[in-house]
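The data blocks that follow each hold one structure.
Consider the two complexes below, in which chain A is the common component and chain B and chain C are the respective partners.
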Partner chain A sequence: MNNPILRRGLAWLATLFAVHAACFLLVRGVRGGPFDQERSLPPEVEASLRQQFHLDESLWRQYGRSLGQVLRGDFGPSMRYRDVEVGQILADSLPVSLALGGLALGVALAFGISGGLWAAFRRGFGFSLAFRFMTSLFLAVPNFVVAGVGILIFSFILGWLPPAGYGSLRHWILPSFALGLPFAAQIGRLSRNAALEVLESPDFRTARAKGLPPGPLLFRHVLPQVLIPVSAFLGPASAGLLTGSLVIEQVFALPGMGAHFVQAALNRDYTLSLAVTLIYTALLGACTFAADLLAKWLDPRVEAI
Partner chain B sequence: MLPDMDGFGGNGPGWKAYLPALAWFAVVFIGIPACSPPPAELVVANGPDVQILDPQKATSAPDGRVLHALFCGLTQLNPESLKPEPALAEAFGQERGGRGWWFQLRPNLRWSDGRPLTGEDVVASWRRLLHPKTGAAYRNWLFPLEGLDPNNLAQQLEQRQDLPGVHLDGLRLEVRFSIPVPAFAEMCAYHALMPVPPSLRQDSPSTQGSWPSSGPYQLQRRVIRDRIRLSANPYYWRAPKPEAKSLDFLTVESQFTALNLFLAGEVHLVATDVPALAVPALLEREEVLRRQAREHGRQPRTAEFDPVPYWACYFYRINVTRTPLQDRKVRQALNLAVDRKALAAMVGARRPPAYSLVPPLIPDYQPPELPRRNPEKARQLLAEAGFPKGENFPPIELLYNSAEIHRDVAESLQAQWQEVLGIEVRLYNQEWKVVLDAQNRLQYDLSRSSWIGDYLDPSTFLEVFRSDSPHNRCGWEDPEYDRLLDQAQLCEQRQPRLALLQQAEQRLLQYGPILPLFYYTTLELVSSDLRGYVRNPRGYVDWAALSLAKSEEP
Partner chain C sequence: MKPSTQKRSLAFGLGLLLLLAGFSFLAPWLPLPEPESQALHRSLEAPAWWQNPILGTDLKGRDILSRTLAGARVSMAVGLWGTLLALFVGVPYGAVAGLFGGRIDRRMMRVADFFESLPLVVVVLFLLSIVQEYRAEMAAFGLQRIHLFYLAVGALFWLPTARVARAESLRLSQAPFVQAARAQGASRAWILRRHLLPNLAPSVLVMMSLTVPRVVLMEAFLSFLGLGVEPPAVSWGLLAAEGLAALSPLLGCWWVLVVPATAMALSLFALNLVGDCLRDRMQS
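What follows is the complex of A and B.
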């Protein structure tokens, strides 16, 4: 048990197990069932469906069955999309969410770090004020407002980008900026502070005094120091990106997993909501773990894993 | 405090610090799938996600739209008159006052994979529809078949290969019912009775579009929550074939997103409602566009937004098993206190106030009407029920599903009842499934509801409140009402039948458990480039007739 990675992995598995049990119970505890609709199904039809999905069994047997399904990695058919397997739905939607999260993280890192460095190097009053204003704005405004304003400007006033949908790279630009900019603001502040510290450090002054050109100065001395706090922020950021994508996917009608996360529970789609919740839990654990490993790798002084 | 640089080999982590970032960008930009299908020729925003692509299992409107583009019935509706017309059957007719129907199938019909579509497919499909294992909501449509015992269907179907009451002779299909089914030709145009291909009829049908279809389009690809891509069916019987070679049904949950897509020209048809907030602006925009066209002497353009009456009613259910609502006088008082005109004006979008359950859209059926608003009479009735000026009236709960329009309606009624009757109504909003559950268990006082008719006949609304109907959900049981419906069911002549239904509706409104509030209108958005789209009360679309105008004029 001394291996930190093993310890972390076991804790992660225990979390998944607990989340599975909680999710299994909670979604069944809410009133209303998967087959309720305005046009009620005839009773004998509903009975046959309940049998088909094993909802007529005792809760314990259902739990055992569900656990077995999860262990096999086969979640069975969805209860809302009765002719589609949950695995198929995940295979269709997970890559979309990952791509959106990845792009948004890209936007956050690119704009955050370059903006932060720029603000650290140009310490004039005007620049500083502009930087603070922009970062406060994007931190304060929720992402769906950023999305709405983005759609208004870039789709309707300028007509450059489609307001929603999925298909080409153009469709990804607005959603990834809407999701990424609040994190860019956070990263911008972190990197500005870190860069300011470096600029005042003796080794930076020495390097500058011995005539190192700006390029190596930036890439060797400043950036590595900036990346340390930024990488520590990646864990919370990935959690934020995952949850933020629920809203952004809805606004831009992207077929990602976020909408399933909300809708499956509303639809009482027991199998799908369980699977999506578990995937989110696993992703969250994996992302924070990866971020911690990265932080440790960049700065061996970091102990907590 | 200066950063401690020990452990960095003097220069920090150096180049390796950039590796993760590089890897990240590589993964994202190479990993973003180049799987970008080019947009379809015709794009429809279809609202919430399609649940089941199976004509016999589907029940929701978005599913129905896609299924009508994919499959074809023995008949189809004329989008203007909504009367049944020949489709897979080249001729059809009724005998014995609607107790018998015959259909003459077209010769050489084919599924979209080229295999022949025959009368056997129709019989086998109906057998599947009836089998309890299929889980079809509309199976009771075939229960009146002559010689069929609805209580023992599984056994009956497994014992024989054919279907009682259905006789197939080559291309001629004869159907016999034990009661008149005057709407059967119209029902055959609905997806539930459309023949389904053999691969869907198997015990564990192949999913995800490996089956052929019979309508103007065939399924190419379905991505849950994204889109359903259809391509033209080369074997479609009708000529000319649809002009658009591909058709996309997009899943767009948010009404605002659908509106944005339409305004940006990304979709040609928004099949679901537009956001209530946008309705006044859209009506105004329509007026401006129309005026401009007139001033420039151009042809009148297809209206983009033009709400027309829809075959659906918005009403409140009253739980008649609870005191004091079990008292008919209380229910009448609640009705007489409602100002429906003001309510209809508030919900807008040309929705007319409803004084009956059946929308007045059938020329020879005049629905009976509830008495109009009369605060005096309302107070008097409430006093007669033992609550003068609302004294001692226990607070009642009004349950509705979370949506802006439902909240507005509920708040308005709450205020009206408080003002006129002096009674307290508490509002509860819950998500949809919880509302349904409460209705099913009769755990509510008042609850919001709506009903969309399946075919153009009053019975599609009135059957809902039969004593044993699973849709009743009000605890209302009235043998006289059931008797009137039974009698109407046995009636072979149209006029006497409609008269009986009218009596039944009169009884429902007078004694019954509902407060009709307004009728819906269709709120679809249609691009002015789209040709062949007809607005009608059923929201029925003839997908084969749609085409896009070539964009010559700006």
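What follows is the complex of A and C.
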């Protein structure tokens, strides 16, 4: 148990296991099934549906069945869209969500780090006030408002970008910015503070005094120090991105997992929402672990993995 | 930041908050239409600025300014109650972990780690959707969805408070006055009540001022998804959702979105400013 990677992996599996058990119990314990509709089904039809989804078995057998399915990576048919396998829905929507999250993370890192460095190098009163104002603004407004104002300006007034939908590369620009900019603001603040510290440190002053050109100065002295707090923030940021993508996918009508999850929660589509909850848990664990490894690699003094 | 700037921005933030809060509490006595009164013939009127509708009307002809001020009351109430609940759970948890230390502390923090590794928002959404089934029973106890909502928000935000409270109480339990009390044979419950909790107050205050804006954001988020505050009650999240729905290239009615969004941005900005200033003061 001394291998930290092994320990983290086991903790991750235990978390998934616990989440699955808790969700399963909650879902089965709840009254009102997915077959409740405005018009009640004939009893024979309902009975055969229940049989088809094994809802007539004992709780333990259902649990064993569900666990076995999850271990095989097969989540069974969706309870709402009955002709579709949950696995199929996930296979279609997970890449969309991952692409959105990845793009938003890219926006956050690119704009956050470059903005923070720029603000650190230009310390005029007006400029730093403007920087503080911009970061506070993006930290204060929820991402769907950023999205709405973005649609208003770039789609309806300027007409440059499509307001919603999915297909070409241009469809991704507004969603990834709307999702990424609040995190860019946070990363910008972190990297500005870190860079200011470096600029006042003796090693930076020495490097500059011996005539190092700005390029190596930036990449060898400033950037490594700036990346340390940023990498520590990536764990919480991945949780935030995941949450934010639920809303952004709704706003831009992207066929991602978040949109499916919200619909499944409202529709009481048990199999689908259980699968999505598990996948989000797994993703979050993997992302925080990757962020911790990155932090450790960038700064070997970091102990906790 | 220089201390003078800090003081000024603290005053600015507090002033802005007071102004917004004052307006939203005085709203029922201002000469504005009722937030819920519909007038379908006045649908989507543009802002008239000097007469009603000052900031325009929405799809159902309801006054946007009046709705935004009513939404402010709901959003702020949710922010305060949710934060208080998070503190109510998190502070004792962290304080106990920090005071006892050793194995108990490790166990309690392992539990916190477990919760931290969950995508809590997803889990809470899932729970909220399940609890929807029991609305009739809840109504019998006088509970509404908004109460559940406070619980959900409390569940989401107790972790950071618990961590801060633990760190503080670890530090305090090594302080000479606590050691002295312990040497005189004071029980742990006594130390917790008389020495730790009162001395946690400043950091709890900072934590609170940093948590309120996050709770308000979360409220907006959940209401936007249709799992938070329900119509006919209004909140900023619902108003923003309506505004987003009303956006279309044909009508161009920006005010339905921009007015509540500006109110939200201003008050969250002020709250963040106050929280940051208080935190910086604590650290220095």
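What we mean here is this: the second predicted complex is superposed on the first by the 302 of 305 C-alpha atoms of A that agree within 3 Å, B and C clash if a C-alpha of one lies under 4 Å from a C-alpha of the other, contacts with A are read in each partner's own complex, and residues count from 1 in each chain.
The criterion applied here is as follows: contacts are C-beta pairs under 8 Å (C-beta built on N, C-alpha and C of every residue); 3 or more make two chains touch, one makes a residue touch a chain.
What you see is a predicted model, and the numbers here were worked out from it, not measured in a lab.
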Partner chain in contact with A:Ser114 - chain B first, chain C second, else both or neither: neither
Partner chain(s) touched by A:Leu266 [first = chain B, second = chain C, both, neither]: both
Which superposed partner A:Pro142 touches (first chain B, second chain C, both, neither): second
Chain A residues touched - chain C or chain B, whichever exceeds: B
Which superposed partner A:Gly102 touches (first chain B, second chain C, both, neither): first
Partner chain(s) touched by A:Phe156 [first = chain B, second = chain C, both, neither]: both
Touching partner for A:Arg301 - first (chain B), second (chain C), both, neither: first
First, second, both or neither for A:Gln69, with chain B first and chain C second: neither
Contacts of A:Val251 with chain B and chain C, given as first, second, both or neither: both
Chain A positions touched by chain B in one structure and by chain C in the second: 30-32, 151, 155-156, 163, 250-251, 266, 268
Touching residues on chain A, where the partner in the complex is chain C: 11-12, 15, 18-19, 23, 26-27, 30-32, 136-137, 139-142, 144-145, 147-149, 151-152, 155-156, 163, 239, 242-243, 246-247, 250-251, 261-262, 265-266, 268, 273, 276-277, 280-281, 283-285, 288
Interface residues, chain C side, partner chain A - complex: 113-114, 117-123, 125-130, 133-134, 213, 217, 220-221, 224-227, 237, 240-241, 243-244, 247-249, 252, 254, 257-258, 261, 264-265, 268-269, 272-273
Residue numbers on chain B that touch chain A, as the complex places them: 2-5, 7-8, 11-14, 17-18, 20-21, 24-25, 27-28, 31-33, 36-39, 49, 51-54, 57, 59-60, 132-133, 135-137, 139-140, 205, 207-208, 223-227, 250-254, 257-258, 260-261, 263-264, 266, 431-434, 436-438, 440, 449-451, 470-471, 473
Footprint of chain B on chain A - complex, ascending: 30-33, 36-45, 48-49, 52, 80-85, 88-89, 92-93, 95-96, 98-99, 102-103, 105-106, 109, 151, 155-156, 159, 162-169, 172, 197-198, 201-203, 220-221, 223-225, 227, 250-253, 255-256, 259-260, 263, 266-268, 294, 298-301
